[in-house]
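What follows is a pair of complexes built around subunit A, which joins subunit B in one and subunit C in the other.
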Partner chain A sequence: MRCGSGIEARQVDELFINIDPIQAGGRLTADAMKAVIAYGDGYSVCDNCRKPNRLDYIAKPPIAEFHKDLATWLNMDSARVVPGARRGFQAVAHTCVKKGDPVLLTSLSHYTEFLAVEEAGGVACEIPANDGHIVTADAAAATIENAKRRYGRAPVLAFIDHVDYQYGNVHDVQGIAKVAHQYDIPVLCNGAYTVGIMPVDGKDLSADFVVGSGHKSMAAPAPSGVLATTAEREKEVFRTTTISGDLTGRKFGIKEPELMGCTLMGVTLMGMMASFLHVKERVKHFENELANNRIVTESLLSIHGTKVLSEYPRKHPLTRVDTTGSFDTVAQTHKKRGFFFSGSLVENGVHGIIPGATRIWKFNTYGMTTVQAHHLAKVFVTIAEENGLKIS
Partner chain B sequence: MVFAAMYSLTDLRVLLRETAPSHEMDAGQRGEAQRLLENLERQVGSLKQEMLK
Partner chain C sequence: MRCGSGIEARQVDELFINIDPIQAGGRLTADAMKAVIAYGDGYSVCDNCRKPNRLDYIAKPPIAEFHKDLATWLNMDSARVVPGARRGFQAVAHTCVKKGDPVLLTSLSHYTEFLAVEEAGGVACEIPANDGHIVTADAAAATIENAKRRYGRAPVLAFIDHVDYQYGNVHDVQGIAKVAHQYDIPVLCNGAYTVGIMPVDGKDLSADFVVGSGHKSMAAPAPSGVLATTAEREKEVFRTTTISGDLTGRKFGIKEPELMGCTLMGVTLMGMMASFLHVKERVKHFENELANNRIVTESLLSIHGTKVLSEYPRKHPLTRVDTTGSFDTVAQTHKKRGFFFSGSLVENGVHGIIPGATRIWKFNTYGMTTVQAHHLAKVFVTIAEENGLKIS
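Let's turn to the complex of A and B:
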């Protein structure tokens, strides 16, 4: 089945349980798929764009209302949609950071946060995670003091991951923000793995900015995301254009330079909007997701030699495991080497593990049904038994 | 009518996702699949009448 020259129809999620760590939260809802069908044409949301000609003012479809709802839902004062969380990082870094400014990141920060700082001319100051791979307020305080000694001034911005991409651990954004604010450092909470997955309250976290990813965690097409902020900070990051043409004298209304004007003008935004009601509902049932993760994680831990490297018990369904002492021992002598594991998973209807990985790897159980969680749990144990590993 | 048919197919697609990889359905899912397929047949029938008349 092809959907164009050389483009096979993608059926991963129809044929398999997909545990790819970055794909689980971005799977579309039925309503988002329907919106994709209806709004696939380029500038499809612009049919009723009227003055002042800005995306977040469009009333039909209800894009203006969606922006207000997004801000309210995150308990922030203002929100804009952006083409992915990274563009939110970029807008904030470009607003707050000047050449040579120190900026707080963490030893678990995503590379796009580093790139946003680099592009703005800033210098990275990483807060080290502790032995349990958690970033704490105490470590943040020490890193700020180190930066002050080294650069003669406090960092100008802090990027703190609510849940990091490496371990899926939950970090103390609230505690870190409290420390950062004592030094007048604004805090960006990177909610790429939390906004749309579990409840996020920006004010409760004391965040100056909350960034979320539509395609990672809000059941939306890529690239999509949200940047929300406080009434104080919106004047800075959502400032409007002041430039005019020296020849024509043209001005550009109330376009926002950090967003390059309008952002998501078609299918990405409509997919995000179509999923929004479902996303708002699903975060209220996050406990069910942890219960499904527990079914799978406990089955993995029943295989002798397997370790969970993420904090345990799990507080998020993205989980990092070490199977050096179990599946990797099989790979040492198996004729398919490490590919026996990913191959066996696919044969049993499971997709999303890096082919060949048998040592340290990640999976995400988000969005699966309990029946699917039990299937996945059974598959791991079955593969282990078939290859002579001990089960307790 | 085209959208209605595609949306019925979309709901069937989601059902396939929810039941992957075995696609074994419980009674509720089977009933939903039947309802969607009957809708789809009606919608395709209407399309035939409208487009080929």
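Let's turn to the complex of A and C:
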């Protein structure tokens, strides 16, 4: 099926159970799809932009209200929408980090956090995750002390993933923030896998910044995201422009340079907004997501030789498994090699595993129904049985 | 009409002739609307992302091919998509400008160019437009010499608007670039109002960077845009990441820090791509747009007391007019004050003039049919006649 200009129409989420690690939380709600259709045109949210001419002041559609609601929902003081979580990282890094400054990251940090540090001229100091792949407050304290010895000063910012992209593990943001604050280090909580998925309370986490991803976890189109902060830090990261034209004397009102002025002027923002009521509701039922994940993960663990590399029991539906001792043994002699596995999944209505992967791979059960979870659980076992693997 | 979650469905471009200065070129094509529906979900273009895992390498949908086509079309060597022209400005400014560096802008530069300079720590040096509101090579030369005297060195970058947002005038990018290059100043041609509207040949303009806006002028959803550059400059602005994890030794492949890695992972890019064939075609018929603009502008000029502030005859459909001597004289005594004008336009099926404006205002005839241009021309004259203004 083509959707014009020779582009094939994507039907992944219409035809399959999609367990792609990064896609499960960004599937649009029906309301978002309607908003996408109504606000597809370029600058579609600017019809009623009036002075002071800034996106987050537009009353119709209710963008101003949405910004307030976003901040309240995250229990932070102020929020802005951004073109992806990474642009939130960039704004914060550019605000807090100067050339040569040490910056805390973790051994599980996402590449976009590293790029934000690189762009700002900072130096990466990774907090090591422990053997269980969890980043702890103790490890943060040790890394800060190491950085102080090495650079003669404490790091100027900490990027802490609430849930990391590799294992989907929940890290101790609160404990790490407590330690970091003793050194006056502001903490950015990277909620790309949590904001819109599970409850996130920025104040409770002691976060100075909470960043979320619209297209990863808030059922919104790409690129979209949120950067929320405290009353203290908003003066820094959301400071207004001070540059002026040397000749004309022009000034540029209350535009915010870290955001490059307005950010999401159309479909991306409206998709986020239309999904927001649903997203607020769905995080309240996160336990159901873990229950569905358990159905699937237990099925995988029933296949001899399969390991769950993520923390267990799971606290997040993004899960990393090692099937070197199970599906990969089949791949060794299968005529389709590793592709037998992804191929069989697709034949059974499951999409989102990297084609050919049979050793270490990730899946995300987020957003599926219990019926779908049972189907997926059965598919894994069936593929295993059909290929002679032992089930217990 | 509501589209869910209490959001009113926008129907501006369905129900009206939209002459909003910033919206006319960003209206989606039918193919883009189809792509928006098919690729609304979050990370919808990432299904077939394979090593080296970068957006512009994805073969299906044909994103890699689109990037090559974009560069060729602009007659530049390399191109990337960005979340709005402003993010292209930011990437270039951050690459070229260090703290305290003088940067050339013009007295007609857009605020986002100033913000990009501010973010990079640069100092603005505006090239003055002449009395006809045109920025010339001579003025650029004088401003460079002034900057050299004042800062002890030449500016490090020049932002030159191909067509500015205030008057819609066409500026001498080629002549200015010739002068700038004598001082080794790279030139960014801001094509936010031209790329996708009229033919743009980056090499012919001698531009080092060409930036375009998807949502302003390429019939694409927001935020989207393009940053194209030369073989020489791509090594700088599209350099790949060099940061690494101090503990894990992790590196981050060929991700580009100025772009923060991948940029448009879904609906925005697919909208741009789906419109691209149409956009390539429409720029070839730019003369028709000027002919339509002439119909409308001549009608306005037939109303006594009305002035066109933009260069005349028009070379671009974005046009600034002064109706202080015509419609504003009516507003002085009208019970609806200035709102009589915008209100009458809406009643006659015309949208996009700032409500209440009757002195200096802008409109954009881009994309309308000749029948619509005649309708609009007649509407202006009719409103004038109904309010006792003299027509010649």
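The definition used in the following text is that the second predicted complex is superposed on the first by the 392 of 392 C-alpha atoms of A that agree within 3 Å, B and C clash if a C-alpha of one lies under 4 Å from a C-alpha of the other, contacts with A are read in each partner's own complex, and residues count from 1 in each chain.
Criterion: contacts are C-beta pairs under 8 Å (C-beta built on N, C-alpha and C of every residue); 3 or more make two chains touch, one makes a residue touch a chain.
This is a predicted model, so every value here is computed, not measured.
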Partner chain in contact with A:13 - subunit B first, subunit C second, else both or neither: both
When both partners are placed on the shared chain, which of subunit B and subunit C touches more of subunit A: C
Touched partner set for A:160, first subunit B, second subunit C, both or neither: neither
First, second, both or neither for A:38, with subunit B first and subunit C second: both
First, second, both or neither for A:58, with subunit B first and subunit C second: neither
Partner chain(s) touched by A:350 [first = subunit B, second = subunit C, both, neither]: first
Which of subunit B and subunit C A:375 touches, first, second, both or neither: first
Contacts of A:22 with subunit B and subunit C, given as first, second, both or neither: second
Touching partner for A:30 - first (subunit B), second (subunit C), both, neither: both
Overlapping contact positions on subunit A, where the subunit C interface meets the subunit B interface: 13, 27, 29-30, 33-34, 37-38
Residues of subunit A touching subunit B in the complex: 13-17, 27, 29-30, 33-34, 37-38, 348-350, 369, 371-372, 375
Touch list for subunit B against partner subunit A, complex: 3, 6-7, 10-11, 13-14, 16-22
In the complex, subunit C residues that touch subunit A: 3-13, 20, 22-23, 25-28, 30-47, 60-62, 83-84, 86-87, 89-90, 94, 105, 107, 109, 111-112, 114-119, 123-126, 128, 214-216, 219-223, 241-248, 250, 252-253, 255, 257-258, 260-261, 263-268, 270-271, 273-278, 351
